[in-house]
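The chains carry the letters A, B and C, assigned in the order they are written, with residues numbered from 1 in each.
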Amino acid sequence: MSACNQSGGGDMLQELGDGEGELNLVIWAGYAENGSNYPEFDWVTPFEDETGCIVNAQEMADSATGVQMIRSGEFDGGSFSGNATDRLMAAGDVAPVNVDLIPNYANIFDDLKLQPHNSLDGVPYGVPHGRGPNLLAWNTDEVDPQTTQNGLWEDAGNYEGQFSLYDSPDFIADASLHIMASDDDMGITNPYQLTQEQFDAAIALLEEQASHNPQYWDGATFGDQITQFAAGDITIGTTWQYQVNSLVAEGAPIEAVKPAEGATGWSDTWMIASQAAHPNCMYMWMDWMAGPLANGQATIYFGEAATSQEACDYAETFADGAYAGHCDQTHATDTAYWDDIWYWSTAREDCADDDDATTCVDYDAWVEAWTTLRGE
Amino acid sequence: MTIDASALVAPPPAGRARRLAAWLHARPRLQLWLLLALPLFWLVVVYLGSLLILLLNAFWTSDSFTGKVNPFDWSLAAFEQILGNEVYRTIALRTVGMALLVTVTDALLAFPIAYYMARIASPRTRAILVVAVLLPLWASYLVKIFAWRTVFLGNGFIAWLLAPFGVQGPGTDEIANSWIVFSYLWLPYMILPIFAGLERVPGSLLEASADLGAKAGTTFRRVVLPIVFPALVAGSIFTFSLTLGDYIVPSLVSDAKFIGNVIYDNSALGNFPVAAAYSLVPIAIMLVYLLIARRLGAFDSL
Amino acid sequence: MTEAGWVRIGLRAITWVILGFLYLPLVIIVINAFNESAFMEWPPTGFSLRWFEQAITNSTIVQAFVTSIVVALGAVAIALVLGTLAAMAVQRYAFFGRTSISFLLVLPIALPGVITGIALSSTFQTIGIEFGILTIITGHATFCIVLAYNNVIARLRRLPRTPEEASADLGADTWITFRRITMPGMRTALLSGALLAFALSFDEVIVTVFVAGAGTETIPLFVLASMQRPTALPVVNVVAFVLILISVIPVYIAQRISGAEAAGARI
């Protein structure tokens, strides 16, 4: 058994016992489907049948809300993006994971394991679920094909009142990413860790963008964005593959792309709460979600890259091959694709680097800046 | 007239309950305390206690990275942030302004229908109208808002209705949408108290006023309005307070941020002290409003 | 009637317009329940019962419905008891702080739900109370008390004391007098308060979001969560449609009850 480091808080489970009969999860919408939306997408019921752990899943609006939910002590774990995992690990809200108890973990692609966002001091803190970029989508009837993000920034004036942006302080990173790609002088190396000068530049860019009257969506109300795209109220915007899939499935003329200069994105991990009331069930769930059936279905359903070759193979034959090519489409095995995708992470005063001399703008300032921007 | 003695019922034997009642009867203060104990415990300990703890958070700090509150780490940082940034003032004024606008709108809309119901409609029609006014309250608040989104969307109901004029819907990001939806949602809460108040106006007063030569307008202004005013204020407590704190309507049908959004966003994003500090704004506003309302007699008309 | 003819006609016209305003969204909800489009497009793209099918086969909806009813009943029960106790205390006794009681009672409903929600939620967490049906009932009861209180105290003000005094004169003790004289007189007020409190609790979402915790879903929480099931969102129109149909019954009952006495339900 590997040596366990308890620096993050919570004890690593040493032995897997029987299921406790219940499991409470914090999830991104669509991460725990039980067939009630689409009968063919159901990876919860087989899990419940096999382990006896009845799943109660609650959606989070965004990462920070998810952090608060886990902190309430009501949940056994959840699926978190990098800008939640780093806070959870640092605050000791989640426990390190004993991967020996998770057989399917071995099959996960290597470039997802032991990453900064899901591990601490070389100890894994979770099981990867899937990853994806924040895409740029547009209405093909109204808008020419896009290749860069310019439509939301320099050319935002072409879409007055008709473009859609993610309503969260996290979106500031998209502004700094755009500066990073277009303005070398600013010296931005990480869109999430910004000096005051870089931060101010990003805010200035956002204010310019706001003058063109954007519309907003977030993880709790992205049904909004879908109806707006469908109604033609918005013609271009940042989005998740989930919305694109939903629109395309109903015949809306929507196309999406990862912009040439790169994009922000997210890599989600299943983590177990430090004070989980049902740790055995949580381990069983993590193992199940790393398995081909669950990971294949879940990543197809949401529209994100799967975490193992087994899941990719499953996806080829799932639903009589209706989703063949899923892994290619989502670039699950294309490591180069992810090089210019900056997974969500939290802005920290110490710049999250080893250099004591550098100070960056902290997340509280991000929150306040976003409130100011949106409050006007 | 003879009294049938057997009809006189002898008092029941003094059981324990009866003796307790008699004992209590001599102690009105104790009766009062027994009655008030539970309600006061609930409201003071549970409710006010929770509020107090929330407000204490406003004087503590939180870790920027983890989002955790540092209890008993006394600081005025949250207040400094709110007072130092103009946007919080803007948002508060916007919200109060909207609350007042919605209140006035609802008063204007409610009065005619309440008057019709109270004084003109036949008893049967009145009964039907009361049901008709109450029924929308039972339709899901959220689903009603979704329905309004259908109305406002660029290619929604309004666009469909005004198609001959080539008008597009306002879209779901106009602050005016919030005004319409708020006014819609709370309208029954304004109609009912005004209706109740108008019902209590004696017809004889109106007739006397007319007999004394007052025209309809004058009678309304000088007889009806003063009597119904407390009821109007009572209804306004709902329209004002419900608008003041709501964050769901603004986020679903408009893009503007209101007080509720700031509190909710900050607490969700882990900056609890700021959320708590900002909560003092609507609390203070409502306390003042309630005091004024009580002075105006609204509490007797609720 | 002393109103002039044109006033009556004018007011009737305005009443119809306002009723139209009140019912416009409800009509849209009903139409959207049959709207084929997954995005609730207008005008409806076609007639379809797919949402009804989805609603029937969706076990979480039934569960949410049951949870909502249980919560509402619990909240109403507590609100009735506490509201009646408070009303009797305020109406029958003179004491210091009497006028403050009604002030205190209206606070939970007058202060923004988000504040009540956050306050209660963090208290429950601090104490370590487990979130679930009981915490939701607690939250709802708190702002429902005032509804019972208002109805009961309004009735108590109008109830003559003489029957109670007569009862006492005839030798009945406090409990018997309360049970057989006072209570029957308050019954319809209690029912009015109960119905309004039930409606409020059943439809409440803002406070509920904070005090529900994992695994407990009321109908409003289900509707809110549906915002994140994009092409399944229209199912909520079916839910609302059914609720509107069902709720005609209690509303009608409420009206019949208070029909005989003055004024409908007191908010």
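Convention: a contact is a pair of C-beta atoms (placed from the backbone, for glycine too) under 8 Å apart; a residue touches a chain by one contact, two chains touch by 3 or more.
Quick caveat, the model's predicted, so the values are computed rather than measured.
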Result of counting contacting C-beta pairs for A-B and A-C, higher pair: A-B
Label of the chain whose CA centroid is most distant from the centroid of chain B: A
Chain B-chain C separation of Cα centroids, rounded to whole Å: 13
Centroid distance [mean C-alpha coordinates] between chain B and chain A, Å: 39
Multi-chain contact sites of chain B, meaning residues that touch two or more partners: 149, 153, 155-156, 267
For chain C, residues contacting two or more additional chains: 40-41, 224, 233
Sites on chain A at which at least two other chains make contact: 221, 224, 227, 231
Of all residues in chain B, those that touch chain C in their complex: 9, 11-12, 17-18, 21-22, 24-25, 28, 31-32, 35-36, 38-39, 42-44, 46-51, 53-54, 57, 109, 112-113, 115-117, 119-120, 127, 129-144, 146-151, 153, 155-157, 159-160, 184, 187-189, 192-193, 195-196, 199-200, 203, 206-207, 210, 216, 219, 234-235, 237-238, 241, 244-248, 259-260, 263-264, 267, 272, 275-276, 279, 282-283, 286, 289-290, 294, 299, 302
Chain C residues within the chain B interface of the complex: 1-4, 7-8, 11-12, 14-15, 18-19, 21-26, 28-29, 32, 40-43, 78, 81-83, 85-86, 88-89, 93, 95, 99, 101-116, 118-120, 122-123, 126, 138, 141-142, 145-146, 150, 170-171, 173-175, 199, 202-203, 205-206, 219-220, 223-224, 233, 236-237, 239-240, 243-244, 247-248, 250-252, 254-256, 259, 262-267
Chain C residues within the chain A interface of the complex: 37-41, 54, 57-60, 121, 125, 128, 130-131, 213-215, 224-233
Parts of chain A lying in touch with chain B, wherever the complex brings them together: 61-62, 64-65, 67-68, 71, 86-87, 90-91, 161, 169, 213, 215-216, 221, 224, 227-228, 231-233, 346, 348-349, 362-365, 367-368, 371-372, 374-376
Complex contacts: residues of chain A adjacent to chain C: 22, 24-26, 29-30, 36-37, 56, 58-59, 72-75, 219-224, 226-227, 230-231, 242-243, 246, 249-250, 252
